[in-house]
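Right, one structure below, let's go through it.
Note that the chains take the letters A, B, C and D in the order they are written out, and that residue 1 is the start of every chain.
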Amino acid sequence: MTTSPVRFYQVGSFAVGNRLLDDADRTVQSDPHRSNSLDSGHRACQGCGEALGARYALDAAMRATGGQLVAVNATGCLEVFSTPYPETSWRIAWLHSLFGNSAAVATGVAAALRAKGKSDVRVVSQAGDGGTVDIGFGCLSGMFERHDDVLFICYDNEAYMNTGVQRSGATPPAARTATTEAVGPEPGNVFGQGKDLPRLAMAHGIDYVATATVADLHDLEAKVERAMTFHGARYLHILVPCPLGWGSASSDTIKVARLAKETGLFPVFEAEHGKVTAVSPIRRRTPVEEYLSIQRRYGHLFGEHGRPDLVARIQEIADQNISTYGLVDEQPAVTEPSEVSA
Amino acid sequence: MTAAELLSVAAFSEGRHAQAFPSFGSERTGAPVVSFCRIDDREIRTREPVMEPDALVIQDVTLIHQVDLFAGLSNEGYILINTSKSFDELGLGEFVRQLHRERLLTCPATELALEHLGRPLPNAALLGGFAALTGKVSLDAISSAIRDRFVGAVGERNVAAASAAYRLVQVAEEELSHAPTT
Amino acid sequence: MLRQLEGSRAVAETVARCRPEVVCAYPISPQTHIIEAVGALVKSGALAPCEFINVESEFAAMSVSIGASATGARAYTATASQGLLFMIEAVYNAAGLGLPIVMTLANRAIGAPINIWNDHSDAMAVRDSGWIQLFAETNQEAADLHIQAFRLAEELSVPVMVCMDGFILTHAVEGIDAPDQAAVDAFLPPYEPRQVLDPNHPISIGAMVGPEAFEEVRYLSYLRQLDALERIPALAAEFATAFGRESGGLLRSYRTEDAETIVVALGSVLGTVKDAADARREAGERVGVVGITSFRPFPLDAVRDALSGARRVIVIEKAFSVGFGGVLSTDVAMATHDANLSLRTVIAGLGGRAITQRSLEALLADAAKDRLSPLTFLDLDHEIVERERSRMGATRRSGPSAENILRDLGTVASKIG
Amino acid sequence: MNKPPFAITLEVGSSRANHTGSWRVERAVYVDRMPPCNDGCPAGENIQQWLYRAEPGDYEPAWRQIVEDNPFPAVMGRICYHPCETACNRAQLDEAVGINSIERFLGDLAIEHGWSLPPAGAPSGKRILVVGGGPSGLSAAYHLRRLGHGVLLVDSAPQLGGMMRYGIPAYRLPRASLDAEIDRIVALGVEIELDHTVTDIEHERTEGGFDAVFLAVGAQLARRVGIPAGDSSRILDAFSLLHRVAEDDPPLLGRRVAIYGGGDTALDAARTARRLGATDAVIVYRRNRERMPAQGDELNEAIEEGITMRWLSTVNRFEGDQLILEKMRLNDEGFPEPTGELEELDADSLVLALGQETDLSLLEGEPDITISDGVVEVSPAMMAGENGVFAGGDAVPSQRTATVAIGHGKRAARGIDAYLTGGTLTDPPRHELATFDLLNTWYYSEADRTHRPELERARRQSTFDEVVGGLTEENALFEARRCMSCGNCFECDNCFGVCPDNAVIKLGVGQRYEIDLDFCKGCGMCVKECPCGAIEMVPEQI
């Protein structure tokens, strides 16, 4: 029998795939023929958020560019677990040079492609938070300032995981790392420090800046796709939980990322030419405790010797984000990702 | 440095080996600098600064009592000073008596520059004067070097300044050659 | 065609004729005139296709070159001194990845005290980076070496550094023949990379290599440098036939046939040394000169042969290893360890100190009388040194030596030459 | 291009040689769990499955999935008390899925399009006598025919349907829908004998040479209590009231009607009385609302229609047009106790809705059949005794609803089939229940339930038009898609997508997935992110 078009669906609206959708409307990750840019056999830990984020982002970029993609990788976990001689997990053209120069190397790749007239080939540069906000920032800022045709992706796991979980410029307040131990009157990382890279990127006036988490694949893929419509410097900041460094269950990686967004601690938004153009509203507002208490890096905040005062300060940060970015929608969030004919 | 370079170009254009280089420094425009030029018929291999010049061109007369400008100058040496004053007026009367009088001249290059270019850039005039004084390069070579460096009107004005200086120096040389020797 | 040109200008024009596709620049004296001139050629369209990129640091300059080279583009940059040290991590990386980048090094001292003048400390600091290092004696050679450098680098997939003395060559105006385009094209074929980032033939470049293979990787790069020892003279010979002049090669000997004393040196000082040698020969001393063009790879055999007849070898160095002495000397010593000769190290021209023929002749005279100590610092002002030492001995807070000494000298730049 | 440099440059995908599966201490395993809706359905419908089919708009396959178990979707979609919705996990998220209304939509669609039931099975040569043409008898007949057995269905009433016809008013179950679904069953080749009351089961069985008998005689005798009443006082029972209305012979009730009882029948009677013209219809019940057996939504509908309630009251006596009620109170156990306090209620008639009993006189002389509390004891296969006599519906101990009866019919049919083929009915092992805590509801978008339209009150008080309307297709589809597919994979690709090691293999539509144990490191992310709880971790045997 024939049926009329229906402007909704809910069966797993937020799931990776949905049998009620046309192929075109489905995520890249639901496609059995996805490029698997980062292939099996890599040496990432169980439940590695970075491995997931990298495959999500690069597969999306591969679809957006019809496979005409070159990736440059900074030193870090991703590089180490993906390419230990004699095996590589990459299925794409990939180059690793140094820790702090991936943005500049990508600039060189883009320049070479331009000189050779290969305008169809696009360049992605990827780094962890250390290779982005700290040691790599000089080159990154230069790449931004020149508006080089590079999409820079930061996989933010909020510390130097490759070297054994030391504090980075992206480590959040109160978080315990090997260099911000949970001792003393101000246990864990100091409040009021750290770089807000997305904001710094926006300050460069580059075409496109966005944040995302591995918990919302639809959002992440849409942003990569959007980023690829610009020719110029672009920045995508993806939160990728690290079970090892955060002390969360390997099975909770996506849950933790989801809570980071739902608590407001990690604002998910989009900005074009220096202006915020869209935010992903919080769907189920959650107190920060729920996020913090499932991570051992915050273990010192709870229990009998816990620090509710510090938890309260973290909640303030979340509330500040919520008001700054307007993360709590007055109208109910739009929950149907797209319409579908049944 | 411009003067030394132009001089080297002029010499080069006359088929000689020439080498010009500055006293390398972090000086900014206007600060006192020394630059060197070697002219030879053989290949010039040395890279040392000119310690014993055959000729000394002083663009900024105010330096003469600050730095020992004349160190290393042989008694056979030439001196050309950018000034409208005489050696005596400069207080160099005593010093120059030990040298060949006809190899020592002053030339108001800056005035000539102001007259021909409207700017106090004495290089071209000094080169014209140098050509006349030493006869080591021709005025034509100097002029073509200037024209290579400064195209169009600017070049021509510089050439004019150089030629003017050249004539002035020739006249002065004439006078000296008729002057009674004491 | 021979023209009266500034060294930097000649190098820039020659580099342009090598058709680099990506050039990046970060300014530092005395390299500036080179990249300014290349930049102008790109902007004017005279050099195309070429991307000229103004970067934010030397570290970025080398990194951009790495990316460009790995993407199959001919990449060029230039730097000096502190700049080289700032990019040093990327310098090693380029060599490790086997990317045939060519870089001009306008040799300059390294601070502190900050000093913009010429010596070879910068080149020596990356001696072990895996780059080929060629030293130019004249501006003509500096220009010519770049053509050979691109050819050599791309044949072997090894980066090449062309070293030319800062200011002394870069800023000197002299008669130079900047080779014309046709000749360069005939000598230098288009770049065919050994590996390239190509979405249609993806590979992973820059893997992590553990103990199981690292030594082999290093040994392979050593073998490539040995290959270079073969290719460098071959290319020089090919260049000579193509361009009608001697440029490059491993080393060049001057009047060494019957020489009792041979002076070994790198770079532009060789001209003055040759003049001094001629003068000493007129005084009856049998002096010869060996100029080393290829410092890395170091031509042990060629050096051994070149020095075989000598009784004395004097290595004049514009750099030194504080706490030891000569750098080049140790390499020469390694080459001549089984020869029966006395080897003397002379440190000279540090931080732009003029190396004069007079001083060199005095030095050679002493050498002839075997009065030269194993390690000599040419024209060192012992009085100043003693004064500062006593100052240091007297009061703990004696202040920075450099400033103290300048105060003693009451010096001006022009006096330093 | 020539060979890339040794070690520093590598050929793509080479890491697949590195089988990281060896790191694993636990492995992910796909499971099927029992969805609460299926678990709660007395008719044993595979609700989740037919919803799954309905979601893309494949309505006929969805309907066929229903009639696998229940030939009465249109009827069920109206009168079933839908324990499936009570059990639905979605109720804990927002509101239960409107399963009942979707079933009605599908049932009505099937009637509209004339979809026919699956054909009768190949003749087995066996004949079964089914006594009673109510839901359980008809259900049994349907399933027996599909199994290939011959069926004679006898009923004492002039029409088939039993309580569905004579116990449930038309405003709840329009006769057209009922007839349509009954006719479909009859069309499978069921012999029918109406107006025939079986008095001696043994006799009829041997007469007709039946291989087995299914008793589905229902509970047709109204339970009565002695109420002191004057001659003029009019008392009748709810069942005969509804029965006579069903046969277009409504009794005269007067303007003020009291109904005594708290069950659904009491409500039906009261609402019927309103429709027959009663201005006051008052339900007298000895417990309170919380303890009322009737279904909540029907009570609300009744109250909307102007029915009033006298809670905690019993009928003491009926004098002329005055009903004397006694107030009750609930003791600690929640049982009502008399208070001795009396009050009056004007009433022209009193309708007794105190429940029904079963007439089992036809079983007299049957050996080894146990009757207790007025109903027949049956085995799990619905067999009463050893000799092939089966029973179901209101005649056996259980909840007395049409849905339960239909379930009995199916079960009895299978029991009979097993009996005739010399086997015994065995149930497949039941899956573990898919409880709410096993779900990850994040992946289901917010979607409030759509409710069925209701007839405006004015018409409801005067006519027997159906009160509750059906869903539009769009609403039905929306509602179907609210199903969370508890405990069973609906191929959302989450596991396929969230595996950081690409260790989930997608086998294609309908084929679900497979774990690639060469690479599965056992992180457990797929389990946590499976929306419907269809994956579990099991320890590796080391």
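In this text, a contact is a pair of C-beta atoms (placed from the backbone, for glycine too) under 8 Å apart; a residue touches a chain by one contact, two chains touch by 3 or more.
Everything numeric here is computed off the predicted structure, so don't read it as measured data.
**Student:** Decide which interface, A-D or B-C, involves more C-beta pairs in contact, and give its chain pair.
**Tutor:** When the contacts at B-C and A-D are counted, A-D has more.
**Student:** By Cα centroids, which chain is closest to the centre of the whole protein?
**Tutor:** Given all protein C-alpha atoms shown, the central chain works out to be A.
**Student:** Go ahead and note the Å separation of the Cα centroids belonging to subunit B and subunit C.
**Tutor:** Centres of subunit B and subunit C (C-alpha means) sit 35 Å apart.
**Student:** I'd like the Å distance between the centres of subunit A and subunit B, where a centre is the mean of that chain's Cα atoms.
**Tutor:** Those two chain centres are 68 Å apart.
**Student:** If you average the CA atoms of subunit B and of subunit D, how many Å lie between those two points?
**Tutor:** Centre-to-centre distance between subunit B and subunit D: 116 Å.
**Student:** Suppose each chain is reduced to the average of its Cα coordinates; what separation in Å results between subunit A and subunit D?
**Tutor:** 49
**Student:** Going by the touch rule set out above, which residues of subunit A reach two or more other chains?
**Tutor:** 82-83, 85-86, 88, 90-92
**Student:** So which stretches of subunit C touch two or more other chains?
**Tutor:** 97, 198, 201-207, 209, 213
**Student:** Going by the contact rule already set, what residues in subunit B reach two or more other chains?
**Tutor:** Residues: none.
**Student:** Touching pairs of chains, all of them, please.
**Tutor:** A-C, A-D, B-C, C-D
**Student:** Over in the complex, which subunit C residues touch subunit A? Could you list them?
**Tutor:** 21-22, 24, 49-51, 53-57, 59-60, 63-73, 75, 89-90, 93, 97, 197-199, 201-210, 212-213
**Student:** Would you pull the subunit A residues touching subunit C in the complex into a rising list?
**Tutor:** Touching subunit C: residues 67-70, 72-73, 79-80, 82-86, 88, 90-98, 100-101, 104-117, 121, 138-139, 141-142, 145-146 of subunit A.
**Student:** Show me the residue ranges of subunit D that touch subunit C in the complex, using the header's touch definition.
**Tutor:** Listed in rising order, the residues are 1-2, 4-12.
**Student:** Residue numbers of subunit D touching subunit A in their complex, please.
**Tutor:** Result: residues 7-8, 10-20, 23, 55-57, 59-60, 113, 442-447, 473-474, 477-478, 481-483, 485, 490-494, 496-498, 500-503, 506, 508-509, 516, 518-519, 521-525, 527-529, 531, 537 of subunit D touch subunit A.
**Student:** Going by the contact rule at the top, pick out the subunit B residues touching subunit C in the complex.
**Tutor:** Within the complex, subunit B touches subunit C at residues 4-5, 8-9, 12-13, 17-27, 32-34, 44-49, 51, 67.
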